[in-house]
Every structure is written in structure tokens, then in C-alpha cells.
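Please go over the structures that come below.
Presented sequentially are two complexes of chain A, the first with chain B as partner and the second with chain C.
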Partner chain A sequence: MSGFPYAGYAGQYLRVNLSTCTIQKQPLPLEWADNFLGGNGIGIKILWDEVPADVNPLSPENKLIVSTGPLCGSPIPNAGRLEFIAKSPLTGIYGDANAGGHFGPALKFAGYDLIIFEGKSPKPVYLYIHDDKVELRPAGQLWGRGTFDTEAALQTEHRDPNLRVACIGPAGENLVRYASVQVTYRRSAARSGMGTVMGSKNLKAIAVHGTGSLRIADPQRMQALAFKLQQRIHDNPFYASIHTYGTPGLVALMQPIGRFPTQNFRYGSFEGFENISGEALRENHIERDTACFACPLGCDKIYSVTEGEFKGTLTSSVEYETLNALGSRVCVRDLPAVLKSNELCDDLGLDTISAGSSIAFAMEIAEKGLLNQEEMEELDLSWGNYHTVIELLERIAYRQGFLGDLLAEGAARAARWLGRGADAYAMHVKGQDISAQDGRAQQSMGLAHATSSRGADHLKAFPVIDETGAPAEAIRRYGKEYLPDLVNPLATKYKAFLVKDGEDYGAVVDSAGNCKSGGTFVMAEIYWQEQAAAIQTLTGMDMPVERLKAIGERIYNLMRCYNALHGITRADDTLPWRFTQIPSPSGNAKGSVCHLDIMLEDYYHLRGWDVQTGLPTLETLSRLGLGNAYLELQAAIASGESRAAYSSLGWAAPYTGKIKDSL
Partner chain B sequence: MILDIFPEKCTGCLLCELHCSLAHEGCVNPELSRIHILADRNRRTLIPIACIPCEDKPCIPACPEPGAIQLNAQGKVEITEGLCTACAKCAHACQIGAIRIHRLPGRGKNGKAVALKCDQCKGDPWCSKVCPTAAIIRVDDLTESQTTFERLLTTHHLLVRMEK
Partner chain C sequence: MITIHVRYYNILAAYANRKNQTVELMEGSTILNLIEAVAQENSASFREVVMLDNRPSPHLRIFCNNALVDEKQMDSPLAEGDEIIFFPALSGG
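Here is the complex of A and B:
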């Protein structure tokens, strides 16, 4: 095979030009692995080098990178994740989405660390990979079909029930700006519109069967380490809950602390929460426990509805985020309806978070009288009407009618297009909808949303130890010196430290190929030390913790540079008014607002970024070996290129002014 | 010792396959695992398949090569790779599909291919150690083997019916 010096990597990647229908197999540059590890680390490196500021995300010049990391495919617990990276059609800046399932490892076993898609196919195609055999095939017969059908059709066509598929549904084809990529088995790389990029390139699917081996530098130590880490996860106090309920178990935990966003973030708790809790889900709808690749936790599960209006619904990996976005965020407390919505989003290829947020936005602007009767198209947009939610999901995916087409743009763009003061009700940062956390109830999450490199997102920093307060975990990670403030959700002290550490470590996790929900954050049995040991044992790279920390920081800084290239500054590291001005009306957080500015000051200091502009300094970037990025960025700012890019991002800035409505 | 397998507990995480290939081949490759997780398209049925071993052991008389597959002193069915011609008769004789033929250069009697099956890791099987849901466990009561075999066979038939 390849002469790549490190084990764990396949050592080669695919560059697929869809315009010219050419496929090149190229050796993986050593520098990519050494400095950026894999996954979204290599992804941002490629975006920085190859996709300049003036590229429209929906144009052929944008590139989609589908990338595994070195741990992906190994028996290290939860090491089956892969990343999709591109300039985001939702935000116009850096975008990525991560998925579990069983697709990533198959790509690795087929012999490829990553695929770069460039250009645009004149007709719908899919990429078929069976080890060395790689070809673009016509996908006209698949165009228009849902993701479940598409996956089944490809498996039938190739007479291969083990074919792993990543595909888009109608939402991606119709360029809904938050279209997901669905991967076998029904897992979603959903955020930032990576499915939209596939749609814009006429790329319907990627189908992989890999039969090769993953070389391990030290097989015996690897096996012992993987087993030890798995046992430690199993013995962790959080194991039972995650194993039994998955992320839906969080509903009942977030409710009392006022961190369960309700009615478009107006409230932090939902009186119908018990109806859509993890406990209700398991008790009434569980069909089977299933798991992603190499995952001992198994938060993935199959659920069904066996009676009532939504009888026949079969859906899997229902997440906390979805129960919130399509449940309490729109005030729906009918669990079968939420399961139906989840099934629909997966089949249509929609991000449940942004879909729910867009619908919540529509319901709120309707309530405020910002839509006229004609525009509402005979839909009852009152809160909690799940028939409307389900109808709108379909209309959005096909861009049907005024509302379908409007909401397909996402709340932040829709608000800009509408005007009328609608921007006050688009709950987003940098164009991406805020996920199911409330910075008023957990200060660190407010900061995390504001500084995330892909627009609002809890998963970049994933600061979980102050959620409900986990002092033992905090001491294990950081020592005693930061207590008690660090674990107090309402305190701002040390939260910048927590967020920076999480962002750097998260960049490493997303680049290595393991999972943020399974043992790296919530139960940090695999933290810096263990992660470095796993990478070293697997690849044979010399990986002291300090080097791994520098890699994480380098990746996060380059993402920031890429966003700054598009004109993003401190002014964009913000939160909508509701979080910073209106005291939380419920739960433990009652009376609290998010003190974002205090935490931001700390954050820029810790990052070594300019406090006024929020831009990385020459000193910081030089230390990380990114001195050239500094020069290129400054040149783009000086030439006006960044300002031009910023003016074409397309979304209304989050509303931060004063508002009459007290909620 | 036998392996006892409970298909309804399997989550399809494949940790057994990964550790099996790592222990036996020194690399990670689910295809080369001696245990395989079969699944229908939606994973509503999952079934770990490995040699239990069963009571009848039809694979042994099916083999035309003396000594290529035999019962060892611990009661396990073992393949001697150097004697195996990869004729696949043992694989066909096994009703649950616990033996697979692999094209592997340099392996087997003719240096091209070989039959691979579970050898129970010298009494401490990795699959049962790493299975997070105890879908695969080691049991010392050999009388359980027929029950396990029938359980796997039933689930296997169910899976085949579903695929059709």
C-alpha cells in the first residue's frame, strides 16, 4: 500500500472533480497529519488553502471535504466519526458537520483518509467506492428520492447489504440552506448545510465498501488501551443514563435548571417536558438499542410508534436537540408527533435543529403580527400545532409556497429578507441557529455559542461540567483551584478558560475521529492525556500532550482566521437580546442574564487574540506556525476583500438592541 | 467453555469484530474477524455469529483434508491453516455460517486462501470481554451449546426471511 510513515492513516486521499468527472488518488501530505491530524483539522487547512473569501458557498468553486481521522476505524471507544467540511451555505463562513454511524470507518478500510469534492457535476451523480475501484455513476434515478430510499436503492443496485452510504434527500437537492447528509445507519451530519453543498454539486450520494485493514503501530498496547478506556467509560457514573436513554436523558436534567429552551427561547423550561423526556421515550417507543461503530455506550436507538395518528413511524437516534427543537422550542408536547418530525427530517435530509428553529421563528413572527394572512397560506401558526410543524418540514424541503421557500433560507436570512423587525426573533449567531442551550442558565454555553467557529453551536466548546455542576469531573480535569466557580452554571469566572480548553480539545476530537458524546467530554475518560496516548499507540507518531494541545489550538485559530477572512470580528461574537437583556423567567436560572462581555474579555486574553477586534495576533499565530495566515488575513482586510465577503454573507445580524416586549 | 450468544442484546457496535481481528491478525479489519454481526437493513435484527461450538460439529467430517479441522483437547474446533485448502466444505456444512473463506496471499495450504473461524482466544475470548451489553458471554456449562445454536439458527432464519 502507501508508503505513509504513520500507521492508523490510510495514507492516501481522493480528489474528485465533478465538473470534469476526474478522480485522482493522491498520497496524504505528511504535513497535514503532522500539523492538523485529520478530520476538520485537515478540512480547515484545505479550505484555507483552496477556497478563498470571494467564493459563493453554492458555487462550483466551493469544496466539500469528507474526512476521517487517525482514530476512525480503530477499537478506541466511539472512534467511528467522520467530518464534512465546506464553506457553509447557511453562514457563509467555515462550516462543518460530524456524524457517527458506520460510514467513516468503511472509507478508511477502503483505503482513503478523506475525499475532496470540487466543481459541479452537469448531472446528478454518486461516487461509488469498493476498495481500489472508485467511480462516478449517474444518479438520475435517485434524484428526488428520500434518504432511506436512496440508501436502500444503492444497496440493492450493488447487491451489497453492507454498503455504507452518505446521501442527501430532497432538502439538499433543493438547496435548503440547512440540509443534512445522512449516513448509514440513519445518522446525520446535519449542521451548517453540508447536504446543501452536496446538492449544489449535483452529488446525491457516496457509497463505500471497504475490506482493507487498518495498520496499528503497536497492536498489543492498542488493544489493551482500547479495552481499558472502554472499562473506564463503563464504570463512569454517567454511563447508565447515557446507555439507557442516550441524550434524551438530558431533558429531565435541563428542565429544573432552566436550560431547556421553550417557545423560541422565551422560556428556559417547558411545562410539557415530561411528555417528551428520555424516560417517556424509552418507556413508550423503544424498539431496540443500537450503537455507532465501536461505541460501548449505544446512545443511538431505534424507536417506533405503534398506535395513533403517527402509527408506523420508525426512527432512530432521536436526540435531546431534536426533542427540544421540534418539541418544546415550538411548544409541541406530543411525543409521537416529534418522532414523526424526526423521521421526516432524516428522510428529507434536514437539520432538526435549524428546521425547528426556523419554524419557531415563523410561529413567533406570526404571533407578533409580522406575517399577513396571505403569507401564512392558511396554516395555523399557533404555538404547539404539530400538524403545522410537520406540514412545514415538507414545504421547507421542497421550498413550496411562500413560507416553505422563506424558511428554507434559515431564520437569519429569512429575517433579513423580510425586514419588518423580524430579526429580533431569529435566534442565531453568525447565521446558524442556536441549539438547545440557554446562556442565561449556563453562562459557559452562552460564551460557547458566541465564539463557536461554525456559528451558534454547543459542540465546539461543549462545556458540560458546569451544566448541572460536576465537581469531581472538574477536579479530575483541571485540579481543585478553579472550584467552586468553574462548576457553578451561573458564575462567569473561569468560563472562558473552560470554553477555550473545550474548543481546543474539541478540535482534536473532531480531527481524530472519536465522539464528543461518548467518553471525551460528558465523561472525560478520554481527555488530553488518554487521547494523546491513543493517537501515539495507534499511529506511532510522537504525541506528547503539549503537541496535541498545540494542534487543537492551531486548528481553532485557523478556523478563526478563515472566518476573519470573511469579515468576522468581535462584533459578531454576540448573542441575541433575549439572552443578554431579558432575565430568565424560570428554573434555577430565574432572574439571570448571560454576562457575555465579561467572559469575552477573558476569552480573547486567553486566546491571545486582540480584545478590540477579536482577531488572532501575529504573536499567537506565529507561535502556532500560522505566521503566513496572519499576513494573508491582514492583506485581505487591507484590500477590502474581507469587507466584500462580509457584505455577501446574507444574514441579518442577531438583534442586540432594546426591545419593548419583555419576554 | 462455550460462547453463549443473545442476539436481542446486540447493538451492532462491532467492538467484537474489531478486537477479534486485532487479536488474531494484528490489525483492525472487521472482514477478517472470526465473529460477524449480521444485520438487516434497519438493524431491527442483529445477530452475532461465531462458533459456539455446536454439539454436532458437521464441519469436521465435511473436511476432506486430514487434520485441517479438528476437535482439540479443550473441546474447541480448530483449523490448522497450513493444511487448509480453502475448499469451503466446512463453511457450507456450518448451518449458522460461522466459518468464512478468505482470499489471503501467503495463507493456507496453497498460499492463496484459508478458512477462518473462532478459536475462542485460548479460553479468554476478546469478543465476550469487550461486548458492552453481554450479548456474547463465555459459559462453562457445555450443555447450553444446543440451546444457543438453536437460538442463533432461529434468528438467522428470521433475518433471511426479512431480507427476502
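Here is the complex of A and C:
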């Protein structure tokens, strides 16, 4: 929209009320862009303003925000990301999920920075966007179909092979609490149950075709900057390994570190790792390399299975996390079976991390005798039984039977429902399953999981510099003063600094619309300085680094306030007992536990949050222009609103009691 | 002489065209000596990843018997039967 003062933005957004079937095109408020940039920055601003603490995540009053950022669709490398933001049905607190692919740029090219979905449609619908034309259309014929089929059906119906689709599968329709949104082509916005929110609103899909373009404030400088950053990424020492193997290349590296979660985090290394490594994937299953919008890295690959029981499997976005969650976490060493499981998760619309974690939880409680024969429904829940894994994925997506319905709730809720001491085996933080890191082997990751705004998650802070120690990288980013502790994975010193910096920068990346796996974190060719330059060159906003840092800090603080509104405090910034009490059994981490409390103290001090409660102080929030949020939060705490919200979250707190067993 | 068992992953395995290598070194040889030896024996692409300005690349990740090796340990002597794992610059998950 030409009236918006900044280039790069489309300048308008859609507000879609599914209850009344009305669509409004509204100008993007300048204050949103100035203070929260875009993506999940604007997303948390909308949640804070419009979705109060007493709203059930599955009710029509929850809102789903589908948001791009200013860089999305620009020539800056890796700038094709899209954010889904809502109150999470899995955690009951702030939730978001991010996907690459091509949908985000298409939405911008159609002329919209974001979409807010509110209410609930009486019947299944999808939103169709072709530039100015925006319509809600019936989706009864798509309901019940998998995501692959849904995408193809919409492209056929509109005779448009370039139609970009974001849709849910049966898992979202059946309100599995960790349902994903699948985004063209086969990318997943998987975490926090954003697909569940779509299902609760009877929203099957969003389909978009945009033919416009972005206005660039300084085209010549933008061309030069984009070229320079592309070149720097291509020349970076990390390029070859990530381009060739993608994140699956990490499997072998995590093994000697002792950070490859195995058997529901009981172990940190997996004897069958060679079978499910990135090297084995490339050697035996590669079809071709592929890439998201404007990405010079191309970490994604398409894989196939051409023989054996799982012949015909064709799948992509097989990540390190996939190989862990559906591989070593459940002790499966059969790679074709893992690929089949990934294909199923994508088609059914399931988060692979939470799906694998829920099944690992089931296998462990079965081993401990906490499930009776009738409840196991003739399934063999032995570790490594991939037929059971595949069968359970189907049952979970359709909520079939006792186990399917139970595990569709996620491990943390299932543990609360079951009782029997099952909470000790639900590996989660704030209701969200822990991804494939282990704070015993990398202290910073333990802190990152504990403080992440969407529950357990490595990607909010994404502290990668101390994974195996990278002194040259540390000096380049932070100078020499933090060495050697900063890059020692087992040291706690400076890890709060690393996590806070990552959370603030991550908030900026997710709000600007570029990718954390690309040049922003691992390679850091696009770090604070370059990110600020990119935003300024594209939009024309005055964006010194200090302003960008304040935006990142503001976003992260508002997310914390939103969670605190739901009763979250320091007591919830924790890790299950295994991480803090059981020494890591293997690898470089052997004998180490995660010293979370030491790092948390440092973290709250650095954040300017109260060390006792973990809540942002008036001074901190006022500095960030969030003084009103402080007052609203304190009022909610005083009135008991926060306590009431906390009591309805529904998950069993991570078990932190006495040691259950030695491993 | 001592025998050292070496394992390569990721692009290093591709550039070396092998996943494992057994290297014979003089007693008292260090990790630095090992790096120089394998750099010499393998392809130019391999050397480009492993060495930078005639020194081990700062991005090379090395494990000795599953323990991370830092820069200060480059001169530590190896022992008979040690297992050394090499990774290129790799990080992320």
C-alpha cells in the first residue's frame, strides 16, 4: 500500500473473522513496525492486546496470526520465512512456529504483511488470496485429507501450480495438541500446535498467489548488500557441510559430544547412529537438493526409499531433529522407517519432535510398568519397534484408541492425566517437548530450553557457538574477553550472556523474516550489524544496531510478560530431573550435569528481571516502552487472574524430585 | 611407532574418499603431527578444509577418544590405539 511510510512492507494486513465470514483489509499500524518490526514481534503485540489470559487456546477467542517480516520476500539471503503465532494448545502460553519455503514471500507479493484469523467458522473453509481478491471458500471436500493431497487439490482447483498453500492434515482437524501447519513445498511450521489452532477454527488451508513486488528504499545499496552477503555465506567455512548434508550432518557430530538424545534422553549417544546419519541419508536416499526462497545455502533435500518395506517413500525437510525424534529418541536405527515416519508426520500434519517425544514417553512408561496390557492395545512398545512408531503416528493423528488419544495430548498432559508417577518420564519444559539437545553436554542449551518463550526449544536462543567450541567465531562476534569459557560447552560462565544475546537476536530474525539456519546464527554473516543494515536499506527506517537490539529485547520481554500473565514464573524455568541430577553417561559430556540454577541467576540479572520471581521489573519494561505491560501484569497477578490461568494450563510440571533410577 | 585410528565425517569423508584411516606415527607424535600427516596423505580439497595458512584450521573439530580437543591440546602426545575423529566446520542443531 503506497501510503505506508516504509518500503519493504506491504503496508496492509487482513483481519479475517471466521465466525462472521468477514474479511477486512486494514492499514498496517506504524507503531507495530516501529516497535515490533513484524513476524512474531507483531504477533506477540497482537496476542498481548487481543487475547487475554482467560482465553482457552482452542476457543474461537484465540487468534492465529500468520505473519511475514520486512525482509521476507527481499533479495537478502534466507529471507523467505513465515511465522504462525497464537496461544498454544500444547502449552497454554505464548506459541509460535516458523516455516521456510515460498508462502511468506507470496503473501507479501499479494500485498499483505500478515493475516489475523479470529472466531471459528461453522464449517470447514480455506482462505484464498490472489492479490486483491481475498475470499473464504468451502473446504468440506478437503476435510479429512492429508496435507500433500490438500495442496495438490487446491493447485488443481485453481489451475495454478504456483499457488502457495499452508494447510493442516488430519492431526490439526482432530485437535492433536502438536499439529503442524505444512507450507509449500513440504516445509513445516511444526511447533506449539499452530495447526491445532487452525483445526479449532475449521480453517483447513490458506492459499496465496501474489504477483506484486516489494518497494525497496535504496535499490542500488540493496543489490550490493545482497550480493555481498550471498558471497560471504558462500565463502563461509560452514557452507560446504551445511549445503551438502543439511542439519542431518549434525547427527555424527553430536555423538562424541554426548548430545544425541537417545531412549527418551536416558543416554546422550546412540550405538546405531551411523545408520541414521546425514552421511547415510545422502549416500542411500538423496533424490535432489532444494532450497527455500532466496537461499544460497540450500540445506533442504528430497529423499526417497527405492526398495524394501518402505519403498515409495518420498520425503523432504528431514532434519537433525527428525532423525533424533523418530530415530534415536525411540531407538529406531532403520533409516527407511525413519523416512517413512517423517513422510507420515508431514502428511498427517504432526510436529515430528513432539510426536517422537510422546512415543518415547509411552515406550518408557510401558517399560516401567505404568501402562497395563489393556491400555497398550496389543502394541509392542519395546524400544526400537518402528512398526509401533508408525502405527502410533496414525493413531495419534486420528486420536484412535486409548493410546492414540492419550498421546495426542502430548507427553506433559498425558502424564498429568495418567498420574502413576508418569510425570518423571515426560521430557518437557512448560508443556512443550524438549528437542534434540542436552544441557548436560552443552550447558547453554539447558538454559535455552528453560527460558525459551514457547516452552522447551533450542531455536529461541539457538546458542551454537559453544556446541563444540568455536573460538574464532566467538572472537568475531563478541571479542576475546569471553574466552575460553564462552566456547567451552561444559562451562557455565557467560552462557547467560550467550543465551540472552541469542534470544534477542532470534526475536529480531523471526520478526524480520529471515532464517536462523542460514547466515544469521551458525555462520553469523548476517549478524546485528548486517541485519540492521539490511532492514535500513530495504525499508528506509533509521535502524542503528542499538535500536534493533532494543526491538529484540522488547519482543522477548513482552513474550515473557504474556507468559507471566498466565502464571509462569522462575519456578517454570526448569528442566526435568534427568538433566540436572543424572550425570551424562557418554561422550565429551560424560559425568556432567546441567548447572541450570547458576546460569539462571546470571540470566535474570542480565535481563533485568527479578531474580526471585523471574518477572520483568518496572525499570526494565519502562526502558523498553512497555511500562503499561508491567501495570497490566501486576494487576492480573494481584487479582488472581494469572493464578487462575496457570491452573488451567493442563500439563504436569517437569519432574524435578528425587532420582527415579540411575539412568 | 604408534597406531592411531582416524575417522572422518561429513565433507571430510567425501574429500578423503574414505571414512576411516589407520595412521602409523613415531612415538611421541602429537595431534598436530597427525593433522599434518593426514593433510599430506589426502586430497587438495581435504587439505583446504583441514589446514589454513599451514596451521590446523580453527574450524576443524577434533575429538580424541570422544573428548573435544582444543587449541592448547594440539601438542599433546598421542598414545597407541587412540581414536581421533575429525569434523569440518559444522554446527546448528
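As a working rule, the second predicted complex is superposed on the first by the 660 of 663 C-alpha atoms of A that agree within 3 Å, B and C clash if a C-alpha of one lies under 4 Å from a C-alpha of the other, contacts with A are read in each partner's own complex, and residues count from 1 in each chain.
Here is the rule we use: a contact is a pair of C-beta atoms (placed from the backbone, for glycine too) under 8 Å apart; a residue touches a chain by one contact, two chains touch by 3 or more.
Computed from a prediction, not measured in an experiment: that's the story for all the values here.
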Is this a clash or a fit when chain B and chain C both end up on chain A? fit
Look at A:582 in the shared chain and tell me whether it touches chain B only, chain C only, both, or neither; answer first, second, both or neither. neither
Touching A:637, do we find chain B (first), chain C (second), both, or neither? neither
Superposed angle chain B/chain A/chain C, CA centres, nearest 10 degrees, is 80
Counting only touches as set out at the top, which of chain B and chain C does A:238 meet: first, second, both, neither? second
Go through the superposed model and pick first if A:470 touches only chain B, second if only chain C, both, or neither. second
For A:226, is the partner it touches chain B (first), chain C (second), both, or none of the two (neither)? first
Based on the superposed arrangement, let me know which partner A:136 touches: chain B (first), chain C (second), both, or neither? neither
For A:319 in the superposed arrangement: first (chain B), second (chain C), both or neither? second
Looking at A:545, would you say it contacts chain B, chain C, both, or neither? Reply first, second, both or neither. neither
For the superposed model, what is the least distance in angstrom between any CA atom of chain B and any CA atom of chain C? 17
Shared contact residues on chain A - chain B and chain C: none
Chain C residues within the chain A interface of the complex: 9-11, 13-14, 19, 49, 57-59, 61, 63, 66-68, 70-71, 85, 87-93
Interface with chain A, chain B side, in the complex: residues 8, 11-15, 18-19, 21-23, 25-32, 39-44, 46, 126, 129-130, 132-133, 163
What part of chain A is in contact with chain B in the complex they form? 73-75, 102, 109, 151-152, 155, 161, 185-186, 211-216, 219, 222-223, 226-227, 230, 234, 243, 287-298, 300, 302, 314, 316
Mind pulling up the chain A residues that touch chain C in the complex? 236-238, 240-242, 244-245, 247, 249-250, 252-254, 256-258, 277-279, 319-321, 436-437, 458, 464-465, 467-472, 484, 489, 517, 521-522, 586-588, 590
